[in-house]
Amino acid sequence: MDKKKVSILGAAGYAGVELFRLLYSHPRINIYKLSSVSFEGQELSSVYKNLGNINNYKLVSQDEAIESADVVFAALPHGLSEAVAQQCKGKIFIDLGADFRLNDEAGYKKWYGNDFAEKSLHEYSVYGLTELNREKIRGAKIIGNPGCYPTSIALGLYPLLKNKIIGASIIADCKSGVTGAGRAVTQTTHFTNCNEAFAPYKLAMHRHTPEIEETLSYMYSGEVRVTFVPHLLPVNRGILSTIYCDNIKNYSLSQIYNLYTDFYKDEFFVRVLPLGGAANISNITHSNFCDISLHVDEHTNRIIVVSAIDNMIKGAAGQAIQNMNICLGFDEKAGLELLPPAF
Amino acid sequence: MDKKKVSILGAAGYAGVELFRLLYSHPRINIYKLSSVSFEGQELSSVYKNLGNINNYKLVSQDEAIESADVVFAALPHGLSEAVAQQCKGKIFIDLGADFRLNDEAGYKKWYGNDFAEKSLHEYSVYGLTELNREKIRGAKIIGNPGCYPTSIALGLYPLLKNKIIGASIIADCKSGVTGAGRAVTQTTHFTNCNEAFAPYKLAMHRHTPEIEETLSYMYSGEVRVTFVPHLLPVNRGILSTIYCDNIKNYSLSQIYNLYTDFYKDEFFVRVLPLGGAANISNITHSNFCDISLHVDEHTNRIIVVSAIDNMIKGAAGQAIQNMNICLGFDEKAGLELLPPAF
Amino acid sequence: MDKKKVSILGAAGYAGVELFRLLYSHPRINIYKLSSVSFEGQELSSVYKNLGNINNYKLVSQDEAIESADVVFAALPHGLSEAVAQQCKGKIFIDLGADFRLNDEAGYKKWYGNDFAEKSLHEYSVYGLTELNREKIRGAKIIGNPGCYPTSIALGLYPLLKNKIIGASIIADCKSGVTGAGRAVTQTTHFTNCNEAFAPYKLAMHRHTPEIEETLSYMYSGEVRVTFVPHLLPVNRGILSTIYCDNIKNYSLSQIYNLYTDFYKDEFFVRVLPLGGAANISNITHSNFCDISLHVDEHTNRIIVVSAIDNMIKGAAGQAIQNMNICLGFDEKAGLELLPPAF
Amino acid sequence: MDKKKVSILGAAGYAGVELFRLLYSHPRINIYKLSSVSFEGQELSSVYKNLGNINNYKLVSQDEAIESADVVFAALPHGLSEAVAQQCKGKIFIDLGADFRLNDEAGYKKWYGNDFAEKSLHEYSVYGLTELNREKIRGAKIIGNPGCYPTSIALGLYPLLKNKIIGASIIADCKSGVTGAGRAVTQTTHFTNCNEAFAPYKLAMHRHTPEIEETLSYMYSGEVRVTFVPHLLPVNRGILSTIYCDNIKNYSLSQIYNLYTDFYKDEFFVRVLPLGGAANISNITHSNFCDISLHVDEHTNRIIVVSAIDNMIKGAAGQAIQNMNICLGFDEKAGLELLPPAF
């Protein structure tokens, strides 16, 4: 059987190289070509030494990578993907940037600074939160792969929102590993500024806010507002979101637990923890799983949901592959069946 | 001038050895004796190799350490300090455990499992949050040194509570370094379970909750309830609390900032960060400072306060020494004037 | 085709759970049963939360795990495996402990404290350093899987020793991640004692010394002596060995490089780095690869070889599976084709 | 008594800000002025947030910082200090760069690329390894403060070399925390490239080699050659050197131990560990101590010395202040009496 030809644009960034690594052992596709503006002409393995002697993936131009590919992943800086999507018509295009995540053009302009460049594409692009939009993804040609923070928050709250069990004003206190900041060298990502350090950043001003609110509001069928505060953790990978909700219907912990286990019973990649446990990034890093733990503070009548994903896998490359698998009619788990390591 | 004789009970625990280290270079006291149940008869420097060749501090019995001391610090497991306080009558007794932190005996019984053993002592013991109770501390004989989490939260909220600017239901999402768990060996503190890991624990069930609520309620002159969720950070030292409050009086960020800078203008150890900055544990570890940053989410009408301390210093040994300085009429900063290192 | 039934003894230890994780997605075997003394009766996933909802692997007794298995891996404390090997006659037995690593019974007694219990078994057991003994492993029934340090050192030096290019007195300065110390809770592995710390341990006294010397001597066809100094690194995984040799034949760096690339040209799991690079644990953790970089100090006429492996994979569970694959006639790479992640 | 006026050139670099922090609480000097090319006109506390509200140290030009100062520290890129030294005539000038570390101009040219610019200054400049040159430092006007690696190696070997107990070809396997790489942002110091990573760099090619060899040869009164291999450790601070020597006079461990304890008996900052212990960076970071542990491998007849310092203190700012104290006739420990913390 012919394998599908898959290209990666922006392969030398962190999301790009993680896509490469996971796709490299995917049983049903071939990696076709990789592009990079900064490293064009070099082997990917000369940039990422973990790839060792894999020496047949020279970084080429974007046009070369797109031509003849069946599937194109883009892991580019925000704002460059709409033109690429236009160029990829007829192929499956999966964008890991922000260009196709928002329906609301005004919100996009407010947070990203410009209008949609190719409005017509947004009419049929699909937001790639798999567990929310699986059916739409099945036939999609353009997929806006979700941000890492939005994925962790939306999966954590979906059952509560869908059933309107909580109030519409939510607090998401989120903590991310440093890979979330990407490959660029900055004082923020200097080892001595991250190690033995911990702080929030962009408090209530992060660009994932509109995506979070749009997704949660869609799940809720009503406007949801979120106080979103991300923090930088001194670890490589992982996002943990601690989410505080008003328990407006006075659900007990066991009711909530039953709701979640039932809601997610067919979702392989969502693991609802037994009561008493707490989600921990160390249990899901290097995998596509999302761990969710549930807690009630009766004293203040709040529900606390803790959700953990690997920001580079379920929060980026893994979910993108999960979406590709659905588009191409593969087993949704293909290439993603890695168990997370114990350490 | 005769220096005061200071003893430390439980000197081989983490708080105990930090007390020793800071007191060792304190200009106005002499370390008199150290006690330890587990290591009695050994030199403290045989347990803590950082102390090198300091070989005149053999760990003795509690009775021996107390006798003839002017000041006694106790860094003991919870529940042992009331009897010691009784024994220390006539001296200054500063307890780093929980026994003298709560006024509410019912709350103490609920969270710690027993009644006050020496009720009369609680009538004149003082809660040692320095910035709150400085005047009472001045003449105190028994000081209940605050917990690390309560210190960070209470200092973060004091101006807002005192002025009733926020609602009485508060969320404190707190993150602590591993020294907070102490010296005991457990799976929780095993390196491979902490490193590249991050998770909450004892969600809405941590024993610091009643202390936090009692202190905040006292500041507020009314009942305050707190959803308190601690997390374990993969760092040695530091607590960062991200605190979410309802902005019920619609204060602007600059109003809040002016309130804080005015409120804390004479407090050497509280540093209100310029607007735009965010508190970071890396800026205060190895010091007695508390850094506070202020933020408003207008969108959801919440005030966010971020407060960072070194859990072993302002959250334990440092504040205890600050209190001792006040009791003894020393400069409050004596022995604590260390600038935090940049890395 | 019937899949082979594979059991793991000591499955709740670090090597055991890593074996489980890797074997779980191995295409040609079924995990049959797991044993544990400490956790008998519990699910492995109740001990290791990373395994999530995998709930059909209850930890059973050793006898139950052995019976009916085709292949038995033992990840037991040193000294328990000879009896098990006896019990496993007729099966393939792969021991991750030290019992079958040494040929020299006197050396075993000196370093491990007792004689061989089952001398006859040692006549046909095979030392499982795959790249050294592949042909013997093919037909073996008892395999003594090498230690982590010996694997890294022996692979690093094999071409030099085989060709007698270096002197027979060698220095191996080795650094290991904390998983090497196992799951037991100790002060040594307490987070605050490892984090921001670095020190050697058991200098010139580590029990891997006789295994290293026996293996290197075998490669050299002559007695080799090694000054072996291990250090504990504040990372979860990985061993890096910096090995100093006398360049007695005055080989140039390019001669050495050519020797290595030729010597290892058919070894998938050994990657000789291009000149100018340096082996780094971050490039091989979470994989079965061994990275080797080559250096010459002309000034002192020494050859420096740097060798990096994942102590839990090529240094333990991965090499054990590689050996199993050979025994069973599978593709040697089966279940081990994971590319190391970039971060 | 008038306090001496001390200026720091290059105060916004890592060594500069550590000088500032330590000098800030020095009892006998005043910090006069700070210079920085990159941040001229800003407060140092705007670059280093750990300094909080210390707002009277604006970064000025180099000329302004030098004029009227009594003592000038320079923490500048290599090659800029000779001109400054010329300008500082009549003052005490302590250089933390490489310009005044080497006597051998040919060696300087080979490794740093140019001749001495101000030859005459080198005739009376003193190499500031305190324990080696204390008497010369007492009257010095120009001090070349040693590199961090050379300090750790030379202190570790001084008694052995002075007494010619070891052979003249030495191996120093050294490991340094990331602050050693300075404040500049690079891929090398990107958090995700350091964390969970470990590798050597510049093997047998590091620019500290000539300084190490010159110093050791001086101690030995004969030519010493060193294979010097530095590694980058995933910690903020600390250097640990594991040094391998030929035990040519067959000294026993206790003979060596007695030699060291006697040799260093009056050196406050050198701590020779009791036999059986091993030096660990965690025991000396945040202090000016050098910990040394001694080991013999009888089997290969090698002596192993392990030496640990804080690269930013004894390896840079602390030793510079120690030298200043000597020059100015202060207690050598002034401003450096910090005990290292336990964690």
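To keep things simple, chains are lettered A, B, C and D as they appear, and every chain counts its residues starting from 1.
Methods note: a contact is a pair of C-beta atoms (placed from the backbone, for glycine too) under 8 Å apart; a residue touches a chain by one contact, two chains touch by 3 or more.
Here the structure is a predicted model, which is why all the values come from computation and not from measurement.
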Chain pair with the higher count of C-beta pairs in contact (A-C, A-D) | A-C
Calculate how many whole Å lie between the centre of chain A and the centre of chain B, each centre taken as the average of the chain's C-alpha atoms.
-> 39
Intercentroid distance (Cα basis), chain D paired with chain A, Å | 46
Between chain A and chain C, tell me the centre distance in angstrom, where each centre is the average of that chain's C-alpha atoms.
-> 36
Mark out which residues of chain B touch at least two other chains, giving numbers and ranges.
-> 14, 179, 192-193, 195-196, 234-237, 280, 282, 343
If each protein chain is taken as a node and each touching pair as an edge, is the resulting graph a line, ring, star, complete or other?
-> complete
Under the touch definition given earlier, write down the residues of chain D that touch chain B in their complex.
-> 14, 17-18, 21, 24-25, 48-54, 179, 196, 236-237, 271, 273, 277, 280, 282-284, 286, 289, 291, 312, 337-343
In the complex, go through chain C and note every residue touching chain D.
-> 169, 171, 173, 175, 192-193, 195-201, 203-204, 225-227, 229, 231, 233-238, 240, 242, 244, 278-282, 285, 295-297, 299-300, 302, 304, 306, 308, 343
Inside the complex, what are the residues of chain A that reach chain D?
-> 14, 178-179, 183, 185-187, 189-196, 234-236
